[in-house]
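Here chain A shows up in two complexes: once beside chain B, once beside chain C.
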Partner chain A sequence: MRETASDIDGAGLKLRGISKSFGNLQALSRMDLSVPRGELMALLGPSGCGKSTTLRIIAGFEQPDTGKVLIAGKDVVHLPPNRRGLGMVFQDYSLFPHMTVAENVGFGLKIAGLARAEIAKRVREALKLVQLSGRDDYFPTQLSGGQQQRAALARSLIMRPSLLLLDEPLGALDKNLRENMQFELRRIQRTMDITTVMVTHDQEEALTLADRIAVMVDGRVLQVGTPLEVYESPANRVVAEFLGTANIFEGVADRHTIRVALGDRTEVLAAQPELRDGAVLLGIRPEKMWISGERNSRGNAVAGTVIGHVFRGTAHVYEVEVGPNLAPVQVLEQANSRHDTRVYSLGTSVWIGWRPEDAFVFPAEREGRA
Partner chain B sequence: MLTHRAVERLINGGLLFYTLAFSIFMLAPILIVVIVAFSANSYVSFPIENWSWRWFQRLYEYRPYFDSFVVTLKLAVLSAFFACLLGVPAALVLSRSRGKFANAVMTFMLSPLSIPSIVLGFAMLFYLSRIGLGVSFISLLIAHVVASIPYIVRTVGGQYRSMTPGFEESAMILGCNGWQTFWYVTFPMIRGAILAGAIFALIISIDNVSLSLFFSSPTTATLPVVMLSYLESSFDPSIAAASTVQLIIAVVLLFVIERLYGLRGITG
Partner chain C sequence: MGDGKGATLIGALDAGISVVRRPRRRAIQFVPRSLVLPIVLFLIVFFVLPLAENVFRSFDPETGREHYVKIFTDVYYLEVIAVTLALSLGVTVLCLLIAYPVSYTLVRHSGRWSGVLVFIVIAPLLTSIIMRSFSWLVLLSRQGLVNGVLLDMGLIDRPIRMSAGLLPVTIALVHVMIPFMVLSIAPAIQAINPRLEESARILGASRIRTFLTVTFPLSLDGVATGMILVFMMVNGSFVTLQILGGGAVQTLPLLIYQQFNLTRDFGFGAAMSNVLLAIAIICLWLQISLIQRRGAEAR
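Our next item is the complex of A and B:
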């Protein structure tokens, strides 16, 4: 989406060849990343993938072994954290327990030596932005989790940082609050037009909040793209399986056709123009598949037997067996209206299928790291 | 057949009895000392026939008692202060460092807890005499500081370890340098622990006999030392009165710690 902007020097954040090891453990190996001005980039990966180390290197709490951290075009590797002009919200918010909300939010300005009246004015503005007006004299323990998070956000934003770092921003909130805060966080980030890097292991959090996602595994960035790109066209099996569920089949590509031993079929269609011939993996997300009692003539269709079914409120999820040596295929069907959705009971013979353009294909050798 | 619940009750009842009996066994002598302090007799006896305050008055009038009490208080306050000055920075550094060296230093700083104070006192007397300090208030102070440091290190270190690094890191991100981070964030958050450790140091110092004995002279004798030598020549209720005063100081200070910090932090 904004690839061209990322090439402009002097804006946003750039990581160039960052390596870091702790003893024998290689936490990051020659990592590159560009975050254009105003973008919200999510570093997504399982724990231990190096995403938190990356954040701590950007903040200045860790020194990289090699590489550069460019913030607004300037290498800040040798600057201490207090001179990098960043904002950071920690997972547990780390609001100072001995200060009121207003004192917490105004703390950075006080350290910067601003006049008391100016601080009071900007604290008022910041609290208004995060909808905490009137809570000035509360202590952090008197606030709910969501309010604490907003206070921590205000404390960072009041400094007008050139870059905002968020460590698992919604991790400590319960589910309902989480959904509210997703919108809230996005609104504030857009209003402030502030370049943001967020670390998360929660794929939903990354998909909903980020402009772009960098999927990290074992200290490497496996793919960078918009939520749509990484979800719809994952670069490899690890990315495909980390972001949601994927049915993955082994096959052989031969001129836009992929041969997969699937049920009674050995050939399926794929719409991947750049597909190179050879061993490939073919993936389809459960919600991209259809399930029906009759054979649908369009696209790929395979016969199978329902061996599992769960109802998830908004959808039915089926497990369908399509072959003796194949993992069951997951199919998700939206529960549209109460009357027109047929529920297939266990043991029913069904047809499942997908449109060729909804599948993603990647060369089989790239799954090596899974 | 006993039901599960009945067995549980029996066990609980047994435990309660044991605890009570044990407490009485431990506390009764102390209680008797306090009662004896109010006796009008000129010898220690129990039960009391006539009550009086005369032995508390004697405490005030008998010079060695009064002078040594002043020395004891001065020593306690100064040793707590210097123990904080040395112990707090050490606790902060050591509780965030890992590795063999940090562990070794930590063990070393806590070692006065496990070394018999006779050994510690003898070693310190020998050492301090060699470097020319000998039997003096300074030597006494140094010995007490050494004995107090472990309490400061334990309370402050414990509190600091329970404080996630995020607080200090937030302060740094918000523009604080090292000193500002300490002054505005770390110090306010460990203040309670410092105070609790300092009070514990006071109690340890006021109470100490074995170290003080080594550095005792007419001008540096502490109250417990004077009491001990008084006991050698006479045995009257003034000893009980002095013990009662000490006891009250300790109880009040312990109560303050419990309020500030919780005793578990030190004993646990």
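Our next item is the complex of A and C:
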């Protein structure tokens, strides 16, 4: 994070109390969001959570029922899309099929009435930035998916927009290309130092690309934070389960101790001193847990039986039953070395556990919407 | 006659488009070749042979190519050809101007009313062309609705004679042809991804610039198809001109009819119908080569 107080006040994007409904469907309810200048913010959520609507409201294709959209401190709600000075890349790239790559990239400048020579010069620069030099006279259909993606990016960036909007930017690419483009996109965004809002349902994409993530569900922002914050300390169960996998246990907090009925143990520690007493949920990521043949002294430990095992190339994932009426616990163990890693077969009695500080805890009443 | 020709031309057009648009793919053989034989025989007997006979008749031994010389040198016939082409062009342009906004609204803004709108557009096709033309005669006659309304509003003192001539012919032909234009243009607009228009908007283009630079160019295939379709159908239209022309608008189909039924100069009539056919073929060729060039550009 590289925000300063003046950045937050001045440039960037601010949404204040945005509501939008379509008929009976409340797509967004009183949504607030701040994106400081130069930051890449990812709106992450399942389909129908309102993230695309948010993007379309920022772009000006939808009017919010209430609220303000402040770009560089100015309310743009009443400006049409063409007067907002934004850049937008759609999931399907939306390159104009009847124009060459150069014509596509130069479209905005031509509309703005720039001289031909100036347009040609800046198109060359933009194509160089996205590594598409020499493809000027190609038609979009002659480009690969990744090249189309970069051409669409160049078409937006050439306008030097104050804000770049990306709608599922890598959604239509295959896996390998997507990983390359993630780095590429990040490099370009950093180079241009351009405030960016990205919409995605792909948690990995959000974690890799974003400076901060806003997790949205049912038209509301549940949590905003850096990828690390959102992943390591989710604000509630929905966020915890949407981002990655989490083992969630019900428990009771009593004077800094959280009691959870687990196997033959009923008392489990978690380091959350600020927590108020009462019913809580305790969550722990599979990769934060250890699995062993014998009782390990590190922190909490529970005995269980292996009831499932998957090998994922980089890791072994186990499902361990820890007690009747309890959901099986997922444990992920890195496959460090071909010879060192012991594989536990189904039915083996094992110990699993975690360090108290690796768990996250939140009050149970927040759970209602899971 | 006009309708028959129209129908075959639509078929030919469709075939032309589908053949040209996917030049690289081979047609999938759904049926054994022998099953195509009956229709080929039918077309040979009732379409190719009569056309061939028509060509022979126009060049009969006594007169040679005299008929064609007459058509292309006599000012009267040249004028008839010019009127035919001008009327076709005028009706085509009017149809385009009216049908484009209708098609756009139909595709982009009608929502749940689209079914109703499509029905309203297509409904005129459910009535025979004679009925539609005759209805205009009734509406535009001395005692008709239009004159009545104009009189009541005090815009005119006495009924205008407008049930015969270029005006009623144009009105009726535009009315008859608009469905074909809409049905050609609407699918072309439908095929344009709205994201393309949104991309143009966010890049700074106003609604009008977006239309001129993105929407309209991308719908040109449909516009070209519609224009050539309507142009050819007006070229060959007969009933409307017969009912509403009042002798003031002479076109090739009317002259051909006169040659066969009144003058009984079959040879000359055949020559004229060949000229009409040649114009239609040129139109078709124009359209196919247009689409081919656009296709080549896009690849």
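What we mean here is this: the second predicted complex is superposed on the first by the 362 of 370 C-alpha atoms of A that agree within 3 Å, B and C clash if a C-alpha of one lies under 4 Å from a C-alpha of the other, contacts with A are read in each partner's own complex, and residues count from 1 in each chain.
Methods note: a contact is a pair of C-beta atoms (placed from the backbone, for glycine too) under 8 Å apart; a residue touches a chain by one contact, two chains touch by 3 or more.
All figures in this text were calculated on a predicted structure; none of them were measured in a lab.
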Exercise for review: Consider chain A as the common anchor and indicate whether chain B and chain C clash or fit when overlaid.
Suggested key: clash
Check your understanding: First (chain B), second (chain C), both or neither: which does A:311 touch?
Key -> neither
Review point. Of the two partner chains, chain B (first) and chain C (second), which one does A:22 touch, if any: first, second, both, or neither?
Key: neither
Check your understanding: Regarding the shared-chain residue A:183, is it in contact with chain B (first), chain C (second), both, or neither?
Key -> neither
Practice item. Considering only touches as defined above, state whether A:80 meets chain B (first), chain C (second), both or neither. Key: both
Check your understanding: Looking at the overlay, what does A:108 touch: chain B (first), chain C (second), both, or neither?
Key -> both
Practice item. Using the touch definition from the top, say if A:139 reaches chain B (first), chain C (second), both or neither. Key: second
Practice item. Kindly list the residues of chain A that each of chain B and chain C touches, one partner per complex. Key: 59-61, 80-82, 84, 86-88, 90, 92, 94, 96-98, 107-108, 111-112, 155-156, 159
Check your understanding: Given the complex with chain A, which residues does chain C contribute to the contact?
Key -> 193, 195-196, 198-206, 209, 213-214, 217-218, 297-299
Point to revise | chain A residues within the chain C interface of the complex | key: 59-61, 80-82, 84-88, 90, 92, 94, 96-98, 107-108, 111-112, 139, 141-142, 155-156, 159
Review point. Given the complex with chain B, which residues does chain A contribute to the contact?
Key: 59-61, 80-82, 84, 86-88, 90-94, 96-98, 107-108, 111-112, 155-156, 159
Practice item. Under the touch definition given earlier, write down the residues of chain B that touch chain A in their complex. Key: 164, 166-167, 169-177, 180, 184-185, 188-189
